[in-house]
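Letters are used for the chains, namely A, B, C, D, E, F, G and H, taken in the order the chains are written, and counting of residues starts over at 1 for each.
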Amino acid sequence: MWKVGDQTLSSRLLIGSARYPSPEVLQTSIEASGAEIVTVSLRRESALQNKAQGDSRFWDYLRSHARYLLPNTAGCSSVKEAVLTAQLARDFFETNWIKLEVIGNDETLQPDPFATVEAARILCREGFEVFPYTTEDLIVAEKLVEAGCRIVMPWGSPIGSGQGLRHVEALQSLRAHLPGITLIVDAGIGRPSHAAKALELGFDAVLLNTAVALAKDPPLMASAFKHAVIAGRQAYEAGAMEASSRAHASTPSIGMPFWHQESSL
Amino acid sequence: MRIQVNGSSVETVPAITIEGLLQQLGYENQMVAVAINASCVPRQTFAEQSLQESDIIEILAPMAGG
Amino acid sequence: MWKVGDQTLSSRLLIGSARYPSPEVLQTSIEASGAEIVTVSLRRESALQNKAQGDSRFWDYLRSHARYLLPNTAGCSSVKEAVLTAQLARDFFETNWIKLEVIGNDETLQPDPFATVEAARILCREGFEVFPYTTEDLIVAEKLVEAGCRIVMPWGSPIGSGQGLRHVEALQSLRAHLPGITLIVDAGIGRPSHAAKALELGFDAVLLNTAVALAKDPPLMASAFKHAVIAGRQAYEAGAMEASSRAHASTPSIGMPFWHQESSL
Amino acid sequence: MRIQVNGSSVETVPAITIEGLLQQLGYENQMVAVAINASCVPRQTFAEQSLQESDIIEILAPMAGG
Amino acid sequence: MWKVGDQTLSSRLLIGSARYPSPEVLQTSIEASGAEIVTVSLRRESALQNKAQGDSRFWDYLRSHARYLLPNTAGCSSVKEAVLTAQLARDFFETNWIKLEVIGNDETLQPDPFATVEAARILCREGFEVFPYTTEDLIVAEKLVEAGCRIVMPWGSPIGSGQGLRHVEALQSLRAHLPGITLIVDAGIGRPSHAAKALELGFDAVLLNTAVALAKDPPLMASAFKHAVIAGRQAYEAGAMEASSRAHASTPSIGMPFWHQESSL
Amino acid sequence: MWKVGDQTLSSRLLIGSARYPSPEVLQTSIEASGAEIVTVSLRRESALQNKAQGDSRFWDYLRSHARYLLPNTAGCSSVKEAVLTAQLARDFFETNWIKLEVIGNDETLQPDPFATVEAARILCREGFEVFPYTTEDLIVAEKLVEAGCRIVMPWGSPIGSGQGLRHVEALQSLRAHLPGITLIVDAGIGRPSHAAKALELGFDAVLLNTAVALAKDPPLMASAFKHAVIAGRQAYEAGAMEASSRAHASTPSIGMPFWHQESSL
Amino acid sequence: MRIQVNGSSVETVPAITIEGLLQQLGYENQMVAVAINASCVPRQTFAEQSLQESDIIEILAPMAGG
Amino acid sequence: MRIQVNGSSVETVPAITIEGLLQQLGYENQMVAVAINASCVPRQTFAEQSLQESDIIEILAPMAGG
């Protein structure tokens, strides 16, 4: 069990709802993942044409089954947009949680640290629980904390790239310097081993989407990630051995029969 | 009067409420979020909040997100 | 379910029995790991002094609980020693399985590819199911297969180092070139993320010891590895996305409200 | 006669069997593997197999291994 | 030949003047390095006691021999300090060049991107040629350019760590997105191979100090770096082959004598 | 100056003669590289047609200008072939030097350690100075030394791949365990930074071909490598600083003016 | 009057100039940079610029830097 | 007589020497290495060494190599 904001959760996996081949696959994947938090978005409704088809199934399912919805401000690239999107999402989804994403470059989808901190400050003052998407930069993370964030979400690598944790030392430094902050690796997780590693480093959770949605078998991959975060967290709590640059025999070398001694001649 | 809805021009009766607009556009049973001129409109005010000539309306619905 | 030799197993984790703080911790760790194969060794009995204490509990437990014992030739550094140790182990443990380890350097504990291949050839002819500890060298692995091995166990990194998979491309090459061979990563696994990665690459299983035995809480770490191998295998079967050097938005960019378009001006 | 057991010199009756040696050394209830002069001795022959002056005996027992 | 600010230089190595075992070693090291730009600092003069000894030799040498001095704002952790230090340095060293360093964390010595951008904006307006020390964050670098910088100096890794280039993809992204900006890798260079790599990636130059000053033989190491930046730059200009994940024979395989064909049977 | 076999050389770069766009480019590249050893091969002469054209210019140049020729056994995949090719090369090129290459896999172009050691043993007995192409495997290298080799040439990465040094720890281990042996990194060098790194690790030299031949401007790239090996060797001799996981200020922090102390409040 | 110089208290004549202060402290032949109350003082004004009671003076000199 | 040269069949006079063969094939001014039946033939013996029916000859020349 762990806490995010004021809620207590079992699963350390947060999952996105985009890019699945169908609403049915989305649904079985979320169930298989064990995730209690599902990210969502708001977009222009093209009501007149195709209302209440595919997407409404999506929404009906999420509304009734996802324990917590986490709306995002995906696609925003200014403070104003992000704040407005957050306000609309709060009203619509009836939650003060917001995944704050202010993009600084349309190609790399990197966060803009300046706009993210400013938007976080405004939203925290307005009572939001802000989940800011940011880089692994410690100073930026500290500014987000100063701005009122109790949660910080550094990327592992670029959104949707599946590269895993690119800058491990920087993530470790973040964890070490912000012991009281909930740290969630968001973006770039491609495989369960990446998720396990994030948890092993002491991160509280991971948020991912593409790695499950674009797997050949998304529900099975969702289950894989469920196990991976359990593995990573248990390893963190179990206190892993230190890696060493040298070999160390696992089988004891005492009591060797004589032919071993001989062969070393 | 003429307003902008999601980027298209729409003709309505004068001083229509948001609720009225949503009915006119066929959204009545759907859950949506609405912004007028880039300001958030709380859902519980949809019945009272009336629109003016040239208002820019965004009607948003939940969507998949990562 | 998967096959190793002629046996069908559920767990893709093979676990060593050495370096635990106590026989009790060994026992609860093996149970928590879900492993069905446990490695053991033979050593000079110092009978007269302390017979039937600690170590006999160890042995009584393993004999009654481990589904399969895998004796090793740890500490051998010549063909002759390894073959003799294998023969003694077969007689004693009543199994034709042998983890063949012929060490080429006492400091790095690297396998000696020449002696390992020669010993494997002799043991395969004598009817052993040989589990050879080797490097990631493809040519050496092919010689082991020629010698009669159905299983090849490349190291991840030096024994007991906990560095994980040092030479990922070489391991991938091994997997690609030996599709019909059972490949088990042996040695160097330090954390669940390493084990998950090995399975994600298509390796059939991992064998580890130190990572569990030297954790602060070995049974919890054993459970972590149990989840990690499930995660890695499911990911392999689920068909992971390809990693990309570029970012790709997960939230769709269609239906953006007007303020998004504005901000890009 | 004098033989080597696990690196130490041991005095036994002549032509002692392995079983006899194990009894003499106090191993009777323990499971062990035995090699004579670096050759494996199958367990079922412990009762018959007798030793000779100067034989080098290794008595091995199961141990933890990685 | 390349340009930095309005000056045309031959050497792509910028060198620091700190941490040398003696002023003599500093002097021979600078000469051996071929560097035309040397960084300096301003500190409280403890005049009354030991004025005009050791340190004045240092200063006399630099004044007469260094082609360009680049004063730094090392140790500053606020905009105000950095601006004042820059103003004092301009007056004293009679140069409008300033290496802008605003530290955000005393342990990691990371730059504070917020304060660095703000100080850069002020100093650019006051006519300084600002050499800002920053991370590899593209968005921060773009803000520095917006603030008026023509030069950006991303770190390779933490100051004095000697780890080399930790985040190669991010540095490549920086180079690709800022084609018109002079990019100098500052901090973290530990070996000539690191410097060569920075130049191979298209960076214009490297700035280093500790790697030379703390070598066992600083002048020889300085010479090593002189060759390394030449090597790296020539390689960049010569257009390196693409690395490939596969092997390609270098010796042609045509005209093989018959025994080669046989052996493949 | 360093020794290889019984010869004393200045340049630590050995260069291949294949894959250049033209004999002229080959010639200027060799000159620009400063290399004193050039590798060559023997192949079926298609005499009647095109004798004495392109290739004879190649040969005339090499004969008169290369200080030392190093014939190879490229393309051989058995002991017999390699030995015969070496004998023909000795007779033809009038040198007892032979680059021994026995390929174990046609796709990966990995050396076959078994055949390489056996061929090396035969050739050393016949009085050859054997330059064996091998992996980074320490045990295999030790067998080569036992077989009579005074030189060992581990690969950096697969031939022609340009990936550089894939297994740095293993190469370091090789250097540490074989202090008296001439170690040359052969294969996989793609950029000057790779060559510099090999020399920094204490390797005696590098042998490369594709990285120069396939550069857009081969003579300039050859010059780049000339500088890189000088840089790497000087760095090795100069005693590089140890890399550290932490930051260390280069500018001293003594004598800070008061505003620095203030800002830390 | 009493001023602060590089963190220490110093007694000077009233309205001393920077040049005077540097002479008094023995810096006359050395090149230094000077800040009064955290403002930069251009070197060419050292002769005219006079100090006041309680001023905080920093005298800085060139040093090695990375 | 008929021999194999670099994989092709060639007709020569009986007991031709290597030197003779090289002349016949037009190699006289070129430096080559020669193997007969997968054995190396030292260059100084080209003039004496004569060939037999069905010999397999390889004529090799220097080439670029990596």
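Everything that follows uses one rule, which is that a contact is a pair of C-beta atoms (placed from the backbone, for glycine too) under 8 Å apart; a residue touches a chain by one contact, two chains touch by 3 or more.
Just so we're clear, the structure is a prediction, and the values are computed from it rather than from any experiment.
Among the other chains, G has the CA centre that is most remote from the centre of chain C. The interface with the greater count of contacting C-beta pairs, when C-D is set against A-D, is C-D. Averaging C-alpha coordinates per chain and comparing to chain E, the farthest chain turns out to be D. The pair A-D is the one among C-D, A-D or E-G whose contacts match those of B-C for more than half of the residue pairs.
Taking each chain's centre as the average of its CA atoms, chain C and chain E sit 45 Å apart.
Per-chain Cα centroids separate chain C from chain H by 56 Å. Averaging Cα coordinates per chain places chain E and chain F 30 Å apart.
Contact of a single residue of chain H with at least two other chains is seen at positions 6-7, 35, 38, 58, 60, 63-66.
For chain A, the set of residues that touch two or more other chains comprises 16, 18-19, 41, 43-46, 72, 74, 80, 84, 108, 110, 159-160, 169, 209-210, 245, 249-252, 255, 257, 259. The complete set of chain-chain contacts reads A-B, A-C, A-D, A-E, B-C, C-D, C-F, E-F, E-G, E-H, F-G, F-H. Touching chain F in their complex are the following residues of chain G: 6-7, 35, 38, 56, 58, 60, 63-66.
Touching chain E in their complex are the following residues of chain G: 6-7, 25-27, 29-33, 35, 38-43, 58-66.
By the touch rule above, chain C contacts chain F in their complex via residues 104-105, 108, 110-114, 117, 135, 137-140, 142-143, 166-167, 169-170, 173, 177.
In the complex of the two chains, the chain C residues touching chain D come out as 16-20, 26, 39-48, 51-52, 55-56, 58-59, 62, 71-72, 74, 80, 84, 87-89, 91-93, 159-160, 209-210. By the touch rule above, chain F contacts chain E in their complex via residues 16, 18-19, 41, 43-46, 72, 74-78, 80-81, 84-85, 106-110, 158-164, 190-194, 196-197, 200, 209-211, 213-218, 220-221, 223-228, 230-235, 237-257, 259-260, 263-264.
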